[in-house]
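Structure below; questions to follow.
Letters A, B, C and D name the chains as they come in the text, with residue numbers starting at 1 for each one.
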Amino acid sequence: MSIFIDKETRLLIQGITGRDGSFHAKQMMEYGTKVVGGVTPGKGGLKFETTVPIFNTVAQAVKETGANATVIYVPPPFAADAMMEAADAGIPFIVCITEGVPVLDMTRVYPFVKEKGARLLGPNCPGLISPGQSKVGIIPGSICASGPYGLVSRSGTLTYEVVYQMTRAGMGQTTCVGIGGDPINGTNFIDCLAAFEADNETKAVVMIGEIGGTDEQEAAKFVKEKMSKPVVGFIAGQTAPPGRRMGHAGAIISGSAGTAAEKMQAFEENGIGVAKRPIDVVSLLKKSIKS
Amino acid sequence: MSIFIDKETRLLIQGITGRDGSFHAKQMMEYGTKVVGGVTPGKGGLKFETTVPIFNTVAQAVKETGANATVIYVPPPFAADAMMEAADAGIPFIVCITEGVPVLDMTRVYPFVKEKGARLLGPNCPGLISPGQSKVGIIPGSICASGPYGLVSRSGTLTYEVVYQMTRAGMGQTTCVGIGGDPINGTNFIDCLAAFEADNETKAVVMIGEIGGTDEQEAAKFVKEKMSKPVVGFIAGQTAPPGRRMGHAGAIISGSAGTAAEKMQAFEENGIGVAKRPIDVVSLLKKSIKS
Amino acid sequence: MNIHEYQAKDIFRKFGIPIPPGEVARTPEEAEAIARKFGGTVVVKAQVHAGGRGKAGGVKLAKTPEEVKSTAAQILKLRIKDIPVEKVLVTPAADIASEAYVGIIVDRVSKKAVFMVSPAGGIDIEEVAEKTPEKIVRHPVDPRYGLQSYEAMNLAFFLYKDVKQARAAAKILQQLYAAFMASGASLAEINPLVTTPEGEVVALDAKMVIDDNELDRLPDIEALRDESAEAPSEVLARKANLTFIKLDGNVGCVVNGAGLAMATMDLVKYYGGDPANFLDIGGSSNPEKVVNALRIITSDPNVKAILFNIFGGITRTDDVANGIVTAINENPLKVPLVIRLTGTNDEIAVKILKENGLAAMTDMDEAVQKAVSLATGGKAT
Amino acid sequence: MNIHEYQAKDIFRKFGIPIPPGEVARTPEEAEAIARKFGGTVVVKAQVHAGGRGKAGGVKLAKTPEEVKSTAAQILKLRIKDIPVEKVLVTPAADIASEAYVGIIVDRVSKKAVFMVSPAGGIDIEEVAEKTPEKIVRHPVDPRYGLQSYEAMNLAFFLYKDVKQARAAAKILQQLYAAFMASGASLAEINPLVTTPEGEVVALDAKMVIDDNELDRLPDIEALRDESAEAPSEVLARKANLTFIKLDGNVGCVVNGAGLAMATMDLVKYYGGDPANFLDIGGSSNPEKVVNALRIITSDPNVKAILFNIFGGITRTDDVANGIVTAINENPLKVPLVIRLTGTNDEIAVKILKENGLAAMTDMDEAVQKAVSLATGGKAT
């Protein structure tokens, strides 16, 4: 089992003919992801890599291919429109890789996607991978292995680092999800934790946080109140200079400065083992399963 | 019994110190409506007619008075804001009397009110009256009498005419509702027919329509499919010149020119007795009860 | 409120829609001078608030400035649907590769602004809707989000296969939506939206109808009103805050409320008469309104009898009675008058009328029958 | 991106917010001339991208043009939070009856733009939040509808009892929201919003922070960038498309990805070292980026060792290796270098480095330990 995507996922790629889109389209196809179509306005009717049909619009692509997921690699000024187009076309799972989406765009995208009943992952996220089944996004397939651990992270390469250490230690994954680090994103820690809790094959979960905001603190409470499975965590940014990420007004709003120390404390208080170094995730995870 | 309002209705009046607002506030109070407060920005703290407290904002008024209905008498440019303010403050039943609200304002008001879970009656409507219980709006109380007939109408004075004829003939009303004639309004015929169908005391319903749109046709279908109680109807505008109300684009959109002939035919086809003259409503109604 | 093609084009241009140049002439000489400036073949288009200009001979090509002068002279002599042509628009003739239709209206069913687009442009969109409905796409716009880029592209791809033209059309659709919203319109239309042989997408015509309820807060739009293009009686009615529509019958009707006014007209017909007009004096009446209403109605020589049908609610019937008396004292009526009053202050009203030698009735059917009988030469009761 | 007070005021003025006049001076003489023009007492305000100007002596009253000259001279010599003051704003001193705070920020919890208003203005809003939280009202704005008039009035009545002042403030709140949205801001603030003894409501200060992601589509806003007000190393980093923050340690770090970069800094600290910087070369690397990264880091004399930590994903590690070789060939390093590479094309990368006499490691912990040891004078492995 896995969360959000599996062998049956029928994926659309928005921006399939772009530099990043075409590169990762090939990677996903090689990994075994069912890429059923691509979207690039003006290239409708052509094929990508001789097999994948390209459409002018998402609506048309959905109609022709029955896609039930999409991944977006379009430039930042067009990303909001791409997410909304996908949601409006009835796609239930939307992953936006694009980095640099204006946050005011996201204040509009978020309620729109919610009204349409879709799940959005990202933007500015590496996507997700269910090893051996499907990969949507840019997480390198080679560092992952199938196994009973879930992973959810706000980071990109730090996720790879932790997955890499897990795989090296023989601890494979059900699904690895990168939710992205933007101020406003579609899927948060709690959404993923709840999905892992409901997934039969996931035995324990790794949660990788960062400074800023209070998502990790709320997720920690959720773990204590709603989860039966063990969770271990790591927070990046213990040495980050204060006030460079969110500014003081953000701190007022959230009632918290969102420091690493706060988040690590919230983890500990709610029964989440805290790794001091990324490598420590492995031993904590082993310990959590035994206890 | 009655629909939408009754003896327990706690009414707020937005624009209570204006020319129309103050006149009708007094009329409603004389009729016995429980007017619990008024709103006029800048007059917060004062009293209307020495008894009704005035507030600066609807939110404040609701908090202090527990109002569960509001009626709006503010000038057209401010009416949309007033409706949205009422909905946002949690008032479940909003009546807007104001005539001349720009229709593009209403395209925004309609989804907003719906999201907040409120019912809007109007704008550009005479309001409603449940004889002997409560009157919200401008329908003259003197022409109504309590009794077992429901009335719903798109018109103002034509409603009075029909109610007047009914009352003269000894046929009192549970509730008389004027839904207003604007292109976009909050409550339509079907909403009212459904409420009358559910009301124990209503034995039969009068429906007064006008040319334009297809609301009457849809209501007629509803009557046939969903209503057990008899309905009789009248349509104004049999001699109205074509093309002066909605223009040809509107006709294309609705797939119908919305003529009186069409509507009368829809009534007949769906078992609704059609009055040739307003006065004929009375005899049709009598006949419908007997059969 | 209707505005002229050239005014709608000015608005569309402000929102970035590509439109060929054009200037307005009031005389054949002005038209000639404009044509000389543009050079080449031009189109001369009547500026009137009426559909079917083309069929009525109000839109013509002219190849030389001299021809423009004579064509403009012809058109400026026309009356289209009974409205005299006072102005023509002179604009260079465009080479056309294809013609499409794009428009927005407010739709009462979806309660939204709705786009209609069709690759079959240049002809009456009603005709397209009737004969080839598959060639029209309708798209309601969520007012909370506006017309998104992808929605515009979806519509544009229905018009054009070429992605450059689709992008150009999508941009125009978004500009049209912005113009529509900012102008308080109830209709905005480009018919035809053309492609040129070079592949450009250009608006050749422009139409806009403004929601009268928006005019108070849009003085720039209100200033576009052209009273010379409206019927004089309707101008007078609007200024008096009355809703008036002239008809062909002989029973003049003065009523409060649109529904009751229509029902009154219907009853006139029912009893064998013919209404001369629709006239709604509205909710908050005052004597002045009644005076104006009578002035408008009596200016119609067809009117053989006048019927007042007033159901007092907000309207105070004594206000109406006072208005009638004032009007008659100023200008004695030449046709018989039937007054039906009931509701607010009707006792006072009846008294006022009686003191001035006027009778009032209370029953609508009786009043209508009497008015019809008077208009058709029957004997007054 | 930060913009100056005078720039934010220009934007606010464009949206109709009432703001007293003011002009910018770069020299004491210019300040004097401006003060002479205004007449009377003026305020001289340092224009720097740093908070706490007042406490740092960057905001001063001056009664005569001569006094303005000497005050401006003083302020133009200041460094506030290590940034030199290059400009001052000269503006007439206002009589103040009351001071309020109004601001908007984007809030990640409600995922909306959120207003904060407080009748306790003129002081640090953080202080108000801490000591008298009941004096702050927060109001999230539904982005689908914008700030409605009634919402603005509700907030305004929290600031003012007088309805005229409340209406004026409500208008300002709507204008501030419009300015915020149109400028792609992540923060917009008026502190203080004052009332004058005559009862007018006026914005005396203005602050705006722009979302960097908006700048590409807002060239007018991007043009407001003042590089003289930024640290030179950060200007260089931005131009090279790198995210760079200078710190006080001695281990220079070059990492791909913000999370991994922070984790690397944390690990440096964990092993007893001190990071000299945060530097994220981002996702799609190319050799040029690496060259620029090394240039920036080596310009910091505190740096005693440099650590590369690259986990190849989109980033190709051979690109990074090529960048390192190019940079070193151009400018031989004066401090030791530790390279950790793994992921996409790492075999090629290791080969490139080896050919150029450089070693590469694969384990993050080992690499960090080695870099720390080198920076603190320990022996290289």
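Here is the rule we go by: a residue touches a chain if its C-beta (ideal position, glycine included) is under 8 Å from a C-beta of that chain, and two chains touch if they have at least 3 such contacts.
Nothing here was measured: the structure is a model prediction, and the numbers come from that model.
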item: For chain A and chain B, chains touching each; value: C, D
item: Connectivity without chain C (remaining chains kept where they are); value: one piece
item: Chain separated most widely from chain A, comparing mean CA positions; value: C
item: Geometric centre distance via CA averages, chain D-chain B, whole Å; value: 56
item: Approximate Å spacing (C-alpha centroids) for the pair chain B, chain C; value: 28
item: Sites on chain C at which at least two other chains make contact; value: 144-145
item: Residues of chain A engaged with two or more neighbouring chains; value: 108
item: Contact graph of the chains (line, ring, star, complete, other); value: other
item: Chains touching one another, given as label pairs in label order; value: A-C, A-D, B-C, B-D, C-D
item: Chain B - residues contacting chain D, complex; value: 41-42, 44, 56-59, 78, 81-82, 84-85, 88, 108, 112
item: Of all residues in chain D, those that touch chain C in their complex; value: 144-145
item: Parts of chain B lying in touch with chain C, wherever the complex brings them together; value: 20, 76-77, 99-104, 106-108, 110-111, 126, 138-140, 143, 153-161, 164, 181, 183-184, 208, 210-215, 234, 236-241, 244, 247-254, 260, 276-279
item: Residue ranges of chain C in contact with chain B within the complex; value: 51, 103, 105-109, 111-114, 116, 125-126, 129, 136, 138, 142-144, 181, 184, 186-187, 189, 209, 211, 213-214, 216-217, 245, 247, 255-260, 262-263, 265-270, 275, 278, 282-284, 311-315, 342-344, 364-365
item: Residues of chain D that touch chain B when the two form their complex; value: 145, 148-151, 153-154, 157, 163-164, 166-167
